[in-house]
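Both complexes shown next keep subunit A, but they swap its partner, so subunit B is in the first and subunit C is in the second.
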Partner chain A sequence: MARLLPKRDAVIIGLGWTGSILAQQLTEAGLNVVAIERGPWRDTATDFNIAYMQDELRYAIRKELFLKPSVEAMTMRNNISQAAMPMRDYGSFLPGDGVGGAGVHWNGKTWRFWSSDFSIRSHLVQRYGAAKLKGLQLQDWGVTWNEIEHSFDQFEYLCGISGKAGNLKGQVQPGGNPFESPRTREYPNPPIKTGYAPTLFADKVRELGYHPFPQPSANLSQAYVNPLGVRMGQCTYCGFCERFACGNYSKASAQTTILPVLMKKPNFELRTECEVLKVNLTPDGKMARSVTYIDAKGVEYEQPGDIVVICAYALMNVRLMLLSQIGTQYDPVTGKGAVGRNYCYQTGSGARMFFEGKHFNPFIGAGSMGQTMDDFNGDAFDHGSLDFLGGGGISCDPSNGRPISYRPTAPGSPRWGAGWKKATIEGYNSSMGFSAQGSSYPVRENFLDLDPTYTDRYGRPLLRITFDFPDNDIRMSHFMSDQLERIAKPFGAKVTTVSRVRKGWNAVPYQSTHNTGGAIMGSDPGTSAVNKYLQSWDVPNVFVVGASAFAHNAGMNPTGTVGALAYWAAEAITSKYIKSPGKLVPA
Partner chain B sequence: MRQVLLAVAFAVVSSPACAASVDAGRYQSVLGDCEGCHGKNLAGGVELMTPFGKLVAPNITSDKQTGIGNYTAENFRRAMKDGVGPGGKRLYPAMPYPAYAKMSDADIADLWAYFKTVKPVRHAVDVNQLRFPFNLRFMMRGWNMLFFRPALYAADKAKSAAWNRGAYIATGPAHCGTCHTPKGFFGADKGLALSGASLQGWFAPDLTGDPTTGLGGWSAAEVAEYLKTGRNAHSIASGPMGEVIEHSTSRMNGADLRSLAVYLKDLPASPGNGGGASGVEAQMKSGAGIYRMNCAACHSLDGRGDNILFPPLAGNALVRQTSAETLARVVLAGSKAVATRETPTGPGMPSFAWKLNDAQVANLLTYIRNHWGNRAPAVSADAVKKIRTSLRSASH
Partner chain C sequence: MSEQRALSRRRLLASVAALPILAATADGRSISGHLPWSPFAGEPPKPVSPLGWYFFNPGEVAAIEAIVNRLIPADELSPGGKDCGCAVYIDRQLAGPFGQGARLYNKPPFSPGLPTQGYQGDLSPAGRYRLGLRALNDYTHTSYKRGFAQLTPAQQDTVLAGMDGGTVALTLKPGFSTKEFFEMVLQNTMEGFFADPLYGGNRNMASWKMIGFPGARYDYRDHIDKHNVRYPRPPVSIYSAEG
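Moving on, here comes the complex of A and B:
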């Protein structure tokens, strides 16, 4: 029997990026908030020690900061004709764990999805006609660019994003991304410095008539004080961003932007190493009344709350909704049901070039120290004569030259022994790469549900991922690979290799931790799990915040949009819901 | 949401009769940093490691059994100013009654008015854990005869009102000298007031006007900024001073902080640190390499740090103290800066004890104490070893 605890105004599940933003905004509004976090407490001074943070074996290979499959695993299959098997180790993607979540070990690329993403269906139907979207389950997100732009701005100023505006209130700005949607003001900090490879890339693609610009970066170009008074340092280009926490306060995370203020608030409490088992609903299933969690000693508690905000990783948000029977499970056969719908991923390909006489010094790196061109992203280019929709950002963004993993060798090099060693020495400094981060568009067959066979340590069904790269995305990605080949030519490399996506998603090699959808936002309760304010259509005192709300995935990293959605949902709760609890959008 | 509104309503209606005196007394407790030793709820329990053994700060809430709920106003005044509790029980001067003796009776009365409103907490504390014979309280009678010269603060007519207010706070309630004034064999003040002293594994730095080791390089505004926010362009507070700032000085009003700064800036200079190291080329060379590898990313190659998060080492008086105790401690054990309302981040210095041996730490410290224009005595591996050993035993 769970021990019943005193009721709080709001219970937040998970204290990563979204949970921290929600907690900050809700406590500012005067609510009494408790956050329940499955993983451990982590802070820069105590856990991200600059003296040993650059330990590639510990953090990148043994993945110390990531979720362990023994805590929560998932099953996967490519299509419904297969039996899903559990992933024994996380490979293709690496969910975070503990306070700060995946925001601790991200690279810091902070994009805004475009106006045409939020209204993707309307936009594409208007431009190409409805027939062009056949086979794709593309949906508008229910929120428009003009409504949410200020939420992006809030997140960027919280983080001190370093970048160059490309479109200020409709005026295209030289040096920025001309394809971005209008922003109301410049980034809070100028772009970070860039290395030789991105500089060369930008020069070459500019000569081809494209529009390279510095990636918006949460690795800071200079010291910064954010609107909460929290201070950040300047990035040192150490090359240990992704998979690592930042030891010197220069990568935006919950720890470096919010927690110093949040943790001191008398109306906030954090409970770590406490795993939420489910959200408990009232007998009629129409309201959430509490969450049940189990602490590190195995003691079970029931925490009542007026509002429950689910802020775990995108995939766990969906699983928790399903375990708690919030909303209806999506059925890929009938297309009915909303929870689990429109699961998307990312469709990447890359080019690598080997030169003679060039020295790229890849050890100078940062998570977001690159140049990007969006000429082939989203709908920045005409798809009228093409056999696909979508696209990708093409970036040269060398994040690291770490000794264990960064061993590029030219094709045909020996795979082991002295020959391999020689090839890695040659390849290390004389090669560079660039890549296309392709969009992932929803199709009826890709979805999330609960596994019928495999369970976790508490006997709860695991999440089952049914996913393969849709034909549209394969065609899109091959088009992107063609562009990479074409762009690479003028570089004059000795050897160039370009990868191509194939059917049959494989969960083993790392690809991307950009899992999106499953609890998508929208304007129709039949096809979306949450409304435009990320409020559950079915249980209105539950909000589900994160990339789970993405109705599709664009050719960009998701965190900027995740942060904006968190501010957007927090604003809906504080300015609308607490004044008049109930459904914010009539169903 | 209803709970939130109720809480606000309650806060508004509760208003004791002698509110002004209680508020003034609460402020006196801020000036005196009572929470620093007696804990946030004043129920005691904070351990003080003295050269004579361990003292635990007692419960001073209004609880009748375990606190001071049975005190009279006169009991309280005598404890504060004479170091004598009810029944003639002698207090130890870890309770800074030699400084509190300077306080006016009016301030003490306000403080008592406030203490009477402090929520009683039942918490028995075993205060006296000193070694024999120091655990014999009657011995303090002799100590008082030798060292205790109780006197109310006497204003210096030649100085400004601000200076006098600052002097009153510094030497009275805020008891700065308890840590910053050198102590003799029996733990009494000895030597130039506020010229720096070692205690509890830290070196409380020189606060006199000396430009090398003292506050000579800080403006009065910078002194006040440091006391208010925990940082200024020269330094970031951590360790015991971080606690003082958190519980006490950050909550002082602007006029008092400015007065403290005026007084401190007027202190005559100490003799400094005796000059720079010489004949230490090998140490300097080794230290430069260690610095480049381990420290420069934050404190920067030119030693100027990042004035927002990472303190400069060049031109920093804390780096040039006569004793390198604090420096060695911070390198070995790490430290977390104080987080205040104005500067909430509280950046951390990581521990390097696992990575650098005694000689390496000594070389590194000798280097930072004698580079970028800094001048201070060299640090020996033996000195670092002692500090490492004491840190190890303190953590066990």
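Moving on, here comes the complex of A and C:
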């Protein structure tokens, strides 16, 4: 029997990026907030220590800061004809764990999805006709660019994003990304330096007539004090960014931007090492009453709250909704039901060029140190004569030269024994890569539900992922690979290799921790789990915040849009919901 | 100052919890009103001792040392895998949480999966090594009438290439193939060769010197603008400039 605790105004599940933003904004509005976090407390000086953070084995290979499958695993299969099996270790993607969540060990690439993403269906139907979208479950997100632009701005100023505007209030800016949607002001900081390989890449693609620009980066170009008064430092290009926490206070995370302010508030409490088991609903299922969680000692508690905000990782948000029976499970056969719908991923490919006599110093890098061209991203180019929709950003962004993992060698080189060392030395120092990060568009067959066989340490069903790369995305990605090949030619490398996506998503090699959808936002309760304010259509005092709300995934990293959605949902709660609790959008 | 506040708050909470008529108070790791901090709260890594063996028995030691020396042969570019400490590294890894598969999802049922679903066997990494090295010795005794460690380097290369290329099949377990065993040993050997020396391998930072990786350095602002110029400084490791 769970021990009943005193009621709070709001209960936040998970204290990563979104949970921290929600907690900051809700406490600022005077609410009494408790956040319940499964993982440990973590902070820079103690846990991300600059004296030993640069340990590839501990953090990148043994994955010390990541969620352990022994705590929560997931099962996967490529289609419903297969039996899903548990990912006994995480490989293809690596969910975060603990305070700060995946925002601790992200790279810091901070994009804004485009206006044409939020209104993707309307936009594409208008440009190409409805027949072009056949087979794709693309939907408008329910929120428009003009409504949400200021939320992107809030997140970027919180983080001190270092970049160059490409479109200020409709005016295209030299040096920025001409394809981005209009922004109201410049980035808070100038771009970071981009090193040798990205500079070479930018020069070459500019000669081809494309529009390279410095990646918007949460690795900071200079010291910065954010609007909350929190101080950050300059990035040192150490090459221990993604998979690592920053020991320099120079990568934006909850720790470096919000927690120093939030944690001191008397109307905020954090409980760590406490795992939420489910959200408890009233008997009619129409309101959330409380959450049940279990602490590190195995004691169960019930924490009542007027508002419950689910801020776990995208996949866990969906699982918690299903375990709590919030909304209806999506059925891929009928296409009915909203929770689990439109699960998407990312469709990547890469080029690598091997030179003679060049020194790239690959260990000099940062998570978001790069140059990107968006000429083939989203709908920046005409798809009229093409047999697919979508696209990808093409980037040269060397993040590290950590040698357990980073050992590119020319094709045909031995991996061990005689000769491998010579090939490794050459590839390590004298090769460079660039890649296409492709969109992932929803299809009926890709979805999330609860696994019928495998359970977690408390006996709850694991989440089951049914996913394969849709034919549309394979065609898109092969088009991107063709562009990579073409772009690589003028570099004059000795050898160039280009990868191509194939059917059969493999859960083992790392690809991307950009899992999106499953609890998507929209304007129709039949095809979306939450409304445009990320409020559950079915249980209106529950808000579900994160990339789970993405109705599709663009050819960009998700965190910028996740941060914007967090501010957007927080504003809806503080400016609308607490004044008049109830459904913010009539169903 | 804030710690004092925190302490008094904790005492207050404790006294409130003692009153039975009130609703229960959450136990344990509740943090409010301050940033939790205590001195020496960091967790620096512990360097392994190079002496003795914690996991491998003497026969396994001979086999794994022979394997790492063929995967990373001594030549003008670096010492061999054994002298770099790769076998010691693997031994310490297998004796610790990695060997136990502590972070893995270990719940049954264990069913054969598809290649896209990853390893689905019930053996921990340590169990896979134990079985794999025994099967390797059985194989060489059958084919060459001696243990792997007693083969000539050329014969050892032939066996390893066969395991890598699919022409040598050891007697393992369903769901654990010879190729998987080979890939695991190769991965762990390269980890030992390229990881920080504190884990027992990469002695004298031999691999970092070989490829030009500066190791645990944390600030390249002085070189970021020097395009196409080799970084001039030697490597440092977490505990030592000497490795």
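To be clear about the criterion, the second predicted complex is superposed on the first by the 586 of 587 C-alpha atoms of A that agree within 3 Å, B and C clash if a C-alpha of one lies under 4 Å from a C-alpha of the other, contacts with A are read in each partner's own complex, and residues count from 1 in each chain.
The rule is simple: contacts are C-beta pairs under 8 Å (C-beta built on N, C-alpha and C of every residue); 3 or more make two chains touch, one makes a residue touch a chain.
Since this is a predicted model, take the numbers as computed values, not measurements.
In the superposition on chain A, A:G401 makes contact with subunit C only, while subunit B stays out of contact range.
The wider contact with subunit A, measured as residues touched, comes from C rather than the other of subunit B and subunit C. In the superposed pair of complexes, A:G30 makes contact with subunit B only, with no contact to subunit C.
In the superposition on chain A, A:V508 makes contact with subunit C only, while subunit B stays out of contact range. Judged by the touch definition given at the top, the superposed model places A:R271 against subunit C, while subunit B stays out of reach. Contacts of A:T44 after superposition on the shared chain: subunit B is touched, whereas subunit C is not. Of the two partner chains, subunit B is the only one that A:M232 touches; subunit C does not reach it.
In the superposition on chain A, A:Y52 makes contact with both subunit B and subunit C.
By the touch criterion defined above, A:D295 reaches subunit C but does not reach subunit B. Touch criterion not met for A:G384: it reaches neither subunit B nor subunit C. Shared contact residues on subunit A (touching subunit B in one structure, subunit C in the other): 43, 45-46, 49-52, 234, 236, 238, 247-248, 260, 264. The touching residues of subunit A, counted against subunit B in their complex, run 9, 30-32, 43-46, 49-52, 223-225, 228-234, 236, 238, 247-249, 256, 260-261, 264, 267, 306, 578. Within the complex formed with subunit C, the residues of subunit A that make contact are 3-6, 41, 43, 45-47, 49-58, 61-63, 68-70, 73, 76-78, 82-83, 85-89, 91, 193, 195-196, 199-200, 234, 236-240, 247-248, 259-260, 263-266, 268-274, 295-297, 299, 301, 303, 358-361, 363-364, 401-404, 407, 415-418, 421-422, 424-425, 428-429, 453-455, 504-508. Subunit B makes touch with subunit A in their complex at residues 1, 3-4, 294, 297-298, 306-310, 334, 336, 339, 341-352, 354-355.
Interface of subunit C with subunit A (complex): residues 2, 23-37, 41-45, 70-73, 75, 77-78, 98, 102-107, 109, 111, 113-120, 157, 160-161, 164, 186, 189-191, 194-196, 199, 207-208, 210-221, 223-225, 227-231, 238.
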